[in-house]
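Everything below concerns the one structure shown next.
Chain naming follows the written order as A, B, C, D, E and F, and within any one chain the residues start at number 1.
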Amino acid sequence: MRANDRNGDELRPMKLTTGVNKYAEGSVFIEVGDTKVICTASVEERVPPFMKGQGRGWVTAEYSMLPRATHTRNQREAARGKLGGRTMEIQRLIGRALRSVVNLQALGERTVTLDCDVIQADGGTRTTSITGSFVAMAIAINKIAEQHKLQRFPITDFLASVSVGVVGGQPLLDLNYEEDSKAKVDMNLVMTGGGKFVELQGTGEESPFDRKELDLMLALGEQGILQMIERQKEVLGPIALKIGTGQAGVRA
Amino acid sequence: MRANDRNGDELRPMKLTTGVNKYAEGSVFIEVGDTKVICTASVEERVPPFMKGQGRGWVTAEYSMLPRATHTRNQREAARGKLGGRTMEIQRLIGRALRSVVNLQALGERTVTLDCDVIQADGGTRTTSITGSFVAMAIAINKIAEQHKLQRFPITDFLASVSVGVVGGQPLLDLNYEEDSKAKVDMNLVMTGGGKFVELQGTGEESPFDRKELDLMLALGEQGILQMIERQKEVLGPIALKIGTGQAGVRA
Amino acid sequence: MRANDRNGDELRPMKLTTGVNKYAEGSVFIEVGDTKVICTASVEERVPPFMKGQGRGWVTAEYSMLPRATHTRNQREAARGKLGGRTMEIQRLIGRALRSVVNLQALGERTVTLDCDVIQADGGTRTTSITGSFVAMAIAINKIAEQHKLQRFPITDFLASVSVGVVGGQPLLDLNYEEDSKAKVDMNLVMTGGGKFVELQGTGEESPFDRKELDLMLALGEQGILQMIERQKEVLGPIALKIGTGQAGVRA
Amino acid sequence: MRANDRNGDELRPMKLTTGVNKYAEGSVFIEVGDTKVICTASVEERVPPFMKGQGRGWVTAEYSMLPRATHTRNQREAARGKLGGRTMEIQRLIGRALRSVVNLQALGERTVTLDCDVIQADGGTRTTSITGSFVAMAIAINKIAEQHKLQRFPITDFLASVSVGVVGGQPLLDLNYEEDSKAKVDMNLVMTGGGKFVELQGTGEESPFDRKELDLMLALGEQGILQMIERQKEVLGPIALKIGTGQAGVRA
Amino acid sequence: MRANDRNGDELRPMKLTTGVNKYAEGSVFIEVGDTKVICTASVEERVPPFMKGQGRGWVTAEYSMLPRATHTRNQREAARGKLGGRTMEIQRLIGRALRSVVNLQALGERTVTLDCDVIQADGGTRTTSITGSFVAMAIAINKIAEQHKLQRFPITDFLASVSVGVVGGQPLLDLNYEEDSKAKVDMNLVMTGGGKFVELQGTGEESPFDRKELDLMLALGEQGILQMIERQKEVLGPIALKIGTGQAGVRA
Amino acid sequence: MRANDRNGDELRPMKLTTGVNKYAEGSVFIEVGDTKVICTASVEERVPPFMKGQGRGWVTAEYSMLPRATHTRNQREAARGKLGGRTMEIQRLIGRALRSVVNLQALGERTVTLDCDVIQADGGTRTTSITGSFVAMAIAINKIAEQHKLQRFPITDFLASVSVGVVGGQPLLDLNYEEDSKAKVDMNLVMTGGGKFVELQGTGEESPFDRKELDLMLALGEQGILQMIERQKEVLGPIALKIGTGQAGVRA
């Protein structure tokens, strides 16, 4: 039995609180079970050097865990003087995923930076960061749309992410830390509101998996992500109506 | 007039929420006006190499600001690959201040690390970190005391910190960001419950100050700190009774 | 039409040359089209600190590109003073993939380090590194088996890797650089000789993909990998017979 | 009794030798007891990026100790690859202190960098660096004034610094290393020729101090600093006459 | 007796293979005994900041060893985060040596970067890198000459390098690793086709050497280098005819 | 004509002042013309990890220039976070040179570290560092000999260093900065009291040199070094008598 009598295909309770930072153009505090992440979206009116003069925008992400987000205290990467491989891998994933639903041309020459700071970690910090960041990004982009800086609304679809795995022979949705550490197979899915795959990363380091297990995990993940997107829509309210329409003029 | 009709000798509203992290031995979310800091206290059963074998413990601190804690986004120190001078100065100050009210002999060969992560900054992040860290440290040390690991309760007095400054010729208590950026003189005070000075750092880079201004600022700061310590006592409840007694056996 | 009249489901020519380094316990020069990688396997009679005393071994990998492996010269990571995110991601992938087919218990307390140095890059450097590293690792582990240091042969299955993608609406196997830069979807597969998935990483940054495209790509990749494994068997000769049997005693 | 029969309120012998570097615009070798520091002032006709185009100048400082300035050899910070927190704290203090007596507008868009290299350390290296740097800076600024590059003489007042402390219950002026390591309270004062405070940093890590001790230390420090400023005047000769007058035209 | 019956004044077998990299403007795989180095020459149409606007070009070099180029595996400098002193010394030497035979004015504002990556090391990696780099550079510069970008052919003479040493009282030419580790004196010579010295670095850390030994080593080295230059001429073919003539128009 | 009417074969005035640091086991302030270097020798009763347990000692060196040792201010290597190639090359040279005249067996398991800090640079800082370091090292080693820690006196010969060059067709001894920057050929020599070569580094980056020029430079350098060694003997007094005798018992 899973903690809190959860079924194998059941998400943990998810809570999205917006407006948690008075300076950021968009901000969300996302809680998925005991995993808690602050996502802020910052808009800057410039793009990185390699994109200058192309008339297109950029979306990027940074990810970090507070030292005591975990059972035992971890050394800060700032103190060690370099980012670890895991951090780099995660922040590259978050940025790539978000860009897949943004029309960079429509965004114009500006950068949206998503900062995902994990306050408490209990499994699924990267997927939670993606789900939360999407909401923070939508709020921030809506803010510049309302300032009449955009001709089209650049977000083309919804986006959320969840983990799935095989634990003790059973496929499970949305693993917590304890389940994750016992999983033989571990997969992270990022999907759009339209049900397409954006990222699919499965690893069977402990034990390779076959096609049947893959199919079961994909089915579990898809229904979980669609539930998460429903929650994003509720929280975004009128902003949600602009997504995918391309119409910047709909007032939120 | 100050924001929110505050008087010159009036503190901003202060809120201390304990138990905000399920892993840390002690944790506090401290809000002083719009300055918000998560303080966690982690206990490890070892000391740094330079202290090994002396039978004494160590208390140290790390400080960091989330990138969007401020009006504009700051680059992460982990991404830059080194800690800035301001960060180092602040975390050395926090550690030194806390050690002044801990009997390291009574703590035994263990380390308490305070992590102060600034979620939102509106002036006074270092003083707020000290005031919050004291509470997180007290909870953590009480936890090990309750595990019967200590013969004496090692915290010898209360400790809090506040800033004072001279703005437009007026001495003001507990500056917010806007006031701080206009201040000609800026002073941070750390004091004990017994009314003694632990740290006193005044700087008149914009304009040197005289003895009279110093005396006014010290008086303002002292009464502000004593109010803060009253709030710490309320929040700590029965733990507060152990502080300064040396008696580990009083049950919280 | 693809370069060199290649069909969509056709691998590039692959060449494996063993024994290219006189010091390494195992070494392979692998050429897949114009992508060329030197893979060396080094055996050391110790494990990393976090694994000491568990009686188990470790397999890890490092990946690097020579500065002029690509169209334009890249700055060396040693000169920049840090590893990039892409490098870290790739070397973590290679290590994880190889460990999935090694019985670390049977390896004993020793480390096998695979160094993958890309001499020339024309797409698929990470998948080529995995396919080549498997051979170098098998040679190195066989060497210690022949020195009677192992009771069981620790390699449990074959392992190879290939990329698949969707270019201009067509699913293609084993993309070269030009195809890769036009691909809307890009997927790297790592599979065992038994046809199971070890790693599956698909990304549709440019354009999300649906389930049908995923199924086509998985089928393409699987048959490509099985062909590669046939080539590994030829090159490994008698060593191939030991893989998966657990019998260290079969003489190569 | 203090070393060399010194009274509690007595400074160590202080010697200022100017012109010790043939390239620097200003240079001083300052000896305070056995503490010996080379201070050079370098003038560059540009300002840091964050100050460009404001028509104002900048004064900054760097501080370092030779490896064998102390009883045992310290590792070089260049070899360790980063500046320690203590070094950063000290060089920020020196820069801030000097800027408090410079009219940056009158200096124009140029930077004066003070390099304080401690040849031998016997307590008070930061205060000695400030006292010596002031003289080096005055010589350098006078040099550009004599080149008719300035309309007003930008130094507005004299500046010196000393440490005070409480050792064995006694307030002492200008602590040497041995006294400093026994001090319960340690305070560094920076004051102007006009008797105002520029920096005041007191720390009672070992034992908090009360208001009475603070008042005694401030009195001791003030008279010590005023003596030091007398010595600066002697050494600066005619340059001293320009300080505080704003008149660039007085010929040195 | 030396390995492979080599006489004291005999070079190891040397093999130069050109065109080993399809992207680089010039490339050579040089084998001197078991020492094997890939040298690529990359041409970029810009110069380093310190040379901008002078109408002159720049030639520079970088040197690296693959981790398993040696008997035991070495840590990568990229992983350690900094270049070692030996690497820096060698790459400065290679760049300096090559520049001595290039007319930087005739090269125009472009940079030629030589990358020397040691695949396998058996003594003499720095001298082998110089000898190979000269050929790669000549091919690259000829390529731009053929594109009519140069008015004069900028290479003024041939250049090669060899080591000499004193082992067991005997002067030996072209030391392999085993000889090098037993040598009391170790000298690297770089000479031009005209028989002049470009670099001469002798070290007698184990045992100082006298004038007579120096003279013997210089004679050995000179004849070895002249043989190497003959081999460079053969490999370069028609390009060799342009060297030293200054005539860019001779067609290769 | 050279500055100060110096002849081509004439050294600059050289001054050696010993005992300039009260903590170091040996210290010298060496002035050669306007080049000024503080050399301290620190003795530690341990050796680097790679030498442990062999019963032999180690001699090593570090070299640094104060930021304003030169015409214009250089950035500190500690601030840049890494040692430059030139610094590494020089400190490796100094260490190697000194070790050539020390019997490491006789030194026992201890390390002598020479710190060469250039206070003012006017050409020849590396050669001046070697000449000064020899004296500081001799004083330090004599100190431990007098503590009866050594059975044999480990210094086997004198050692000094000078630069020679060809300027305007003329061979010159001991170049100052201005001469050095005009030199076509630049050579640094390190020789023993017995007239043997320890290091010989000649570079003709601007213009290769022939055998005749080499011979002239070697002759100039030899007589310069022998003069320097006479000065070392005067300064060392009775310590000089122990050098080369192996007798630790001669009292200085």
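We take it that a residue touches a chain if its C-beta (ideal position, glycine included) is under 8 Å from a C-beta of that chain, and two chains touch if they have at least 3 such contacts.
Everything numeric in this text was worked out from a predicted model, so none of it was measured.
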Cα superposition of chain A on its sequence copy chain E - rotation in ° rounded to nearest 5: 120
Whole-Å separation of chain centres (CA-atom averages), chain B against chain E: 61
Chain A and chain C, separation of their C-alpha mean positions in angstrom: 29
Chain C-chain E separation of Cα centroids, rounded to whole Å: 34
Chain B residues counted as touching two or more neighbouring chains: 81-83
Graph class of chain-chain contacts, one of line, ring, star, complete, other: ring
Traversal of the chain ring from chain B via chain D: B, D, F, E, C, A
Chain C-facing residues of chain E, complex: 21-24, 27, 34, 38, 40, 42, 44, 62, 64, 66-73, 76-79, 81-83, 87, 113, 115, 117, 119-120
Sites on chain A touched by chain C in the complex: 82-86, 88-89, 91-92, 96, 99-100, 157, 187, 191-192, 194-211, 214, 218
